[in-house]
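The two complexes that follow have chain A in common; it is paired with chain B in the first and with chain C in the second.
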Partner chain A sequence: MSTIALKGEHWDGHTHGDGINHRHHKIRHKHGEGSSIDFYAYASNIRDWNPAFKVSLSMLTLVLSIVLNNPYVSLAVIVAMGYLTIIEGGLSIQAYLSILMIPISFILLGTITIGIDFSTQPIGQYNLHLGFFYVFTSLAKLKIMFFLMLKVFAAISAMEMMSLSTPSSEIISVMQRVHVPKLFTELMNLIYRYIFILIDVNIKMRNSANSRLGFCDIKTSWYTFGKIASNLLIVSFKKANAYYDAMEARCYDGDLIFLEEDKKVTTLQIAKAAVFVSFLMLLWGFTR
Partner chain B sequence: MNIKEKGFFISITAISLLFGILPVANAMHIMEGYLPVGYCIAWGAICIPFLVVGYLSIKKTIAANRKSITLFAMAGAFVFVLSSLKIPSVTGSCSHMTGTGLGAILFGPAAVSILGIIVLIFQAILLAHGGLTTLGANTFSMAIAGPFVTYGIYKLCQLLKVNKYVGIFLAASIGDLFTYCVTSAELALAYPSATGGVLASALKFLAVFAPTQLPLAIIEGILTVVIIMGLETYAKPELTKIGFFGGNK
Partner chain C sequence: MGEPILKIRDLHYAYGNGTPALNRIDADIYEGEKIAVIGSNGAGKSTFFLNANGVLTPDRGEISYRGTIINKKNLKELRKNIGIVFQDADNQIIASTVMAEVGFGPMNLKLPKEEVLRRVEEALTYMNILDYKDRPPHYLSGGEKKRVSIADIIAMKSEIIIFDEPTAGLDPLNTQMLEEVLDKLGSEGKTMLISTHDVDFVYRWAERAIVFSQGKIIADGTPLKIFQSEEILKKANLKRPTLMEVYDLLVEKHLLEDTKAYPTSTQAFKEMLGNM
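And now, the complex of A and B:
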């Protein structure tokens, strides 16, 4: 599970203050793009598009790329979603690629596992003798592996189009509109806000533990980790009480109501989306 | 097999070993787009009864005490943040707790199923980990199967009067291992091996992820014990309020 960009997390002593440093973008597997995805969503140029439109376009593309299961469709989706996020949304290409690379270790491990097989007999197109058994694969298997990777990247880019342009609170309000149970969306709204509060608390605890040599060796580090985690829970309980009182002081009677900006969807956008979806279907029809 | 093919094969094996040795272990979220459509829907459907039970139990608690809604929300946020903390490790690599095991011990498995699915949605949206189509499968392995086993073992150890900390350690680490086994099984069902079928494929996935997941399960167990010890020292009143000490006496 990946981590959020916790600024106090660098072991080599340099800690960024409270501001998130967005300049370190190298394309590699990285832990620490978390709050930056949220940051990018707010900074995106296509944030003022209607959230329901973005969410449904992204979900439709996501489902299509999985249902159609076709490498050409996957390629088209990767290109189109990249275009929307980078050119329309104005996200830097390094940032986009580094976010796409977050799950790379799982993808490599997972697809390699699907691609290869073990056997006691030297079968298959290519095989390798490893002591007691053979590892083997075939060209067809490798092709499946490659197409699967394409499909995964298509799906990720479709989802990222949504999460890199729509702040979570807007995604939640779309969920509310499709009648996800109210308690569920309320909890989501609260959790979304509390996450950032707790991350903040954690950074401060971590920095103060670090400045008192709390991470000097591995045993101390584990103790510190445990103590930070348990204190985090205590602090969160205390804050939970205070926030409830604050909500009640502002006339909370069982309904959380948030201000929503009214964003119109234009006919042109819908037309473009319709063209894109039918293009995907046609592409699938021709290359089936 | 010629030299080129051999080289290719050795490099693939080397890559997979390399990734195995460096525990860049995420808690094995199945990625977006990884499962075929049928499996996405099927796992989602399997989760529904558990989620309904969890939803109703949370609803009941909140109806009885309106104030607990912020407590539940904080618990969810806590699980999210806990799972995003980097575990201190010798090699400086990044590994993370699942956090749902601790959640199940503290809040009960039913509530954790709902909090877990919300945490998984946020992990997909905010961290690009896991995905929305694979939400069902991930929810089943991480927010349902793991927590229920953790809770079961925790209660069993209480019944058998095992030392409390040993019980918590066992519960958290076995729950973690179970999550990993379930995820492997989910992957194997979707991608059975050509020669050995689902079972062989499951063994393959178990083997590939074992080097990262086995140490992680032990670490998760140790850290859960350390966290609970800290909570007992500092937060007895709060823990009593959520009923943690209720079953212990």
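And now, the complex of A and C:
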């Protein structure tokens, strides 16, 4: 799940040392994209929509944009999901774009191989001489490549609509309701909570190692890195123990159940979603 | 005084690695008592609390709650009635919204949802954090997390509340807030046990102090009595509260008459000085 996926850029803990309090909020967002998605999810204006509704809408849109395989549908999906996230959800455009751009390099790498080809002869509609070989392509191929990119972005924006407006715990509880095995969902819940603790511990250890010149040169850095990694493991075990004790102290007896707010779906929301889906279908029908 | 609500007899506990952490602990806790548990680092305070709540199973000895001896079957009864606010809020907070977090205990008690919601609101209002209801706890500050972890236990409505070093890491304002909460809980007749290294706090707040040293209880009595005994202070590496020091200093300099009537608060001290 994208909300849990964390990138390895949490090491900016040392910027906290600036001690300027009002900048703290800004710094917070730099803790890797993963946790900032989480942060945005809590801040979203459409967070109080029923999570099952959001998850199903996002999944349905995702499936439709893949199955219908139509550039107009893809465009409509991108616009609609962007609307939900930015206008309804109140996320800033820059933040939305920067999150949408995270996978851009993968997408480019993946689609560019479809669009272009190599040859030793100057063939194809367009070609470019690059020393020993030619890169060639055609309008038709470029079109395929472009449509594929649109489709991928449509799929991503559908997923982001969900993850930028629904905190992980709510997504997990939706999964629970559709009978994803309990072991799996409970693990996800714990891991989710745990990640933040480990990140914190990791930042603290790194900072303290840093202050003792633990990263002064490459060799020392590797050594310190190893120490921190193994220490992190030990600390996790200890923390897991303490955690379990605390849960037991509050009468935990093997079933992880959380209090959830009832978030009602309005008929209007369902109607709008239905209109949107039929619109996609019609669009597909007319432009096939 | 009547029957104690919690009776602990001959309790032994050793951690897996063989460290004996508790050794022959006897204690009676009565309803409505305000007890401070003191002792140096590693003296066994936290271990004692975990045993009292039934999270750790003692190697030997027995615990009875309101006359019923606790065994595996009625362990839940013990946990229901004794709540612990843990030393490190990060080890306690488990859910991903404040509301779900505070509701975790009541949900485990299998209460109906309306009741859980009512208790959550109540506990959050009590701790003055109703605004945080939908916030994720992992984005809260240390002091705010502490409040959440206290609300956790208040929502369980347990008869005895144990606070394991509640003031550690709190700023003066939050510490004062905490003391207000403690006073409020006290006025509602809750039984409280608090472990702390702040002797001034013990002197100010507690009616009774239990002193741990190397896994044993070496003293149990009023804070005044305990802080007057050089022997206990030395054995447990304790300092004397500032107010007592000042009083003795004034007596020594013949500025005050030695009546051994130590003042318990700054206010009382002021009055004492004013009467001269």
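Please note the rule applied: the second predicted complex is superposed on the first by the 244 of 288 C-alpha atoms of A that agree within 3 Å, B and C clash if a C-alpha of one lies under 4 Å from a C-alpha of the other, contacts with A are read in each partner's own complex, and residues count from 1 in each chain.
Throughout what follows, contacts are C-beta pairs under 8 Å (C-beta built on N, C-alpha and C of every residue); 3 or more make two chains touch, one makes a residue touch a chain.
Keep in mind it's a predicted model, so treat the numbers as computed, not measured.
Peer 1: Given the touch rule stated above, what does A:113 touch, chain B (first), chain C (second), both, or neither?
Peer 2: After superposition on chain A, A:113 lies in contact with chain B alone.
Peer 1: Using the superposition on chain A described above, determine whether A:42 touches chain B (first), chain C (second), both, or neither.
Peer 2: After superposing on A, A:42 lies in contact with chain C but is clear of chain B.
Peer 1: Which partner does A:251 contact after superposing on A: first (chain B), second (chain C), both, neither?
Peer 2: In the superposition, A:251 touches chain C alone.
Peer 1: Any idea whether chain B or chain C touches more of chain A?
Peer 2: More residues of chain A are touched by B.
Peer 1: Go through the superposed model and pick first if A:259 touches only chain B, second if only chain C, both, or neither.
Peer 2: Second partner only, chain C.
Peer 1: Check the residue A:197 against both partner chains and state whether it touches chain B (first), chain C (second), both, or neither.
Peer 2: After superposing on A, A:197 lies in contact with both chain B and chain C.
Peer 1: Which partner does A:169 reach: the first (chain B), the second (chain C), both, or neither?
Peer 2: A:169: touches chain C, not chain B.
Peer 1: With the two structures laid over each other on chain A, which partner does A:88 touch: chain B (first), chain C (second), both, or neither?
Peer 2: neither
Peer 1: Residues on chain A in contact with chain B in one complex and with chain C in the other?
Peer 2: Touching chain B and chain C on chain A: residues 38, 168, 190, 192, 197, 239, 243, 247.
Peer 1: Going by the contact rule at the top, pick out the chain A residues touching chain C in the complex.
Peer 2: Answer in residue numbers: 28, 38-39, 42, 47, 167-169, 189-190, 192-193, 196-197, 200, 239, 242-243, 245-253, 257-261.
Peer 1: In the complex, go through chain B and note every residue touching chain A.
Peer 2: Against chain A, chain B makes touches at 1, 5-6, 8-10, 12-13, 15-16, 19-20, 24, 26-34, 36-37, 40, 55, 58-59, 62, 66-67, 69-78, 80-90, 92, 94, 96-98, 106, 114-115, 118-119, 121-129, 131-133, 187, 191, 193-196, 200-201, 204-205, 208-209, 222-223, 225-231, 233-235, 238.
Peer 1: Where on chain C does chain A make contact in their complex?
Peer 2: Those residues of chain C that touch chain A are 50, 53, 55-56, 76, 79-80, 83-84, 86, 88, 90-97, 99-100, 102-109, 113, 116-117, 120, 134-136, 138-139, 152-153, 156.
Peer 1: Spell out the part of chain A that touches chain B in their complex, as residue ranges.
Peer 2: The touching residues are 1-4, 6, 9, 11, 29, 31, 33-35, 37-38, 59, 62-63, 65-67, 69, 99-100, 102-103, 105-110, 112-114, 116-119, 123, 126-128, 130, 135, 141, 148, 151-156, 159-160, 162-163, 168, 171, 181, 183-184, 186-188, 190-192, 194-195, 197-199, 202, 215, 218, 221-234, 236-237, 239-241, 243-244, 247, 254.
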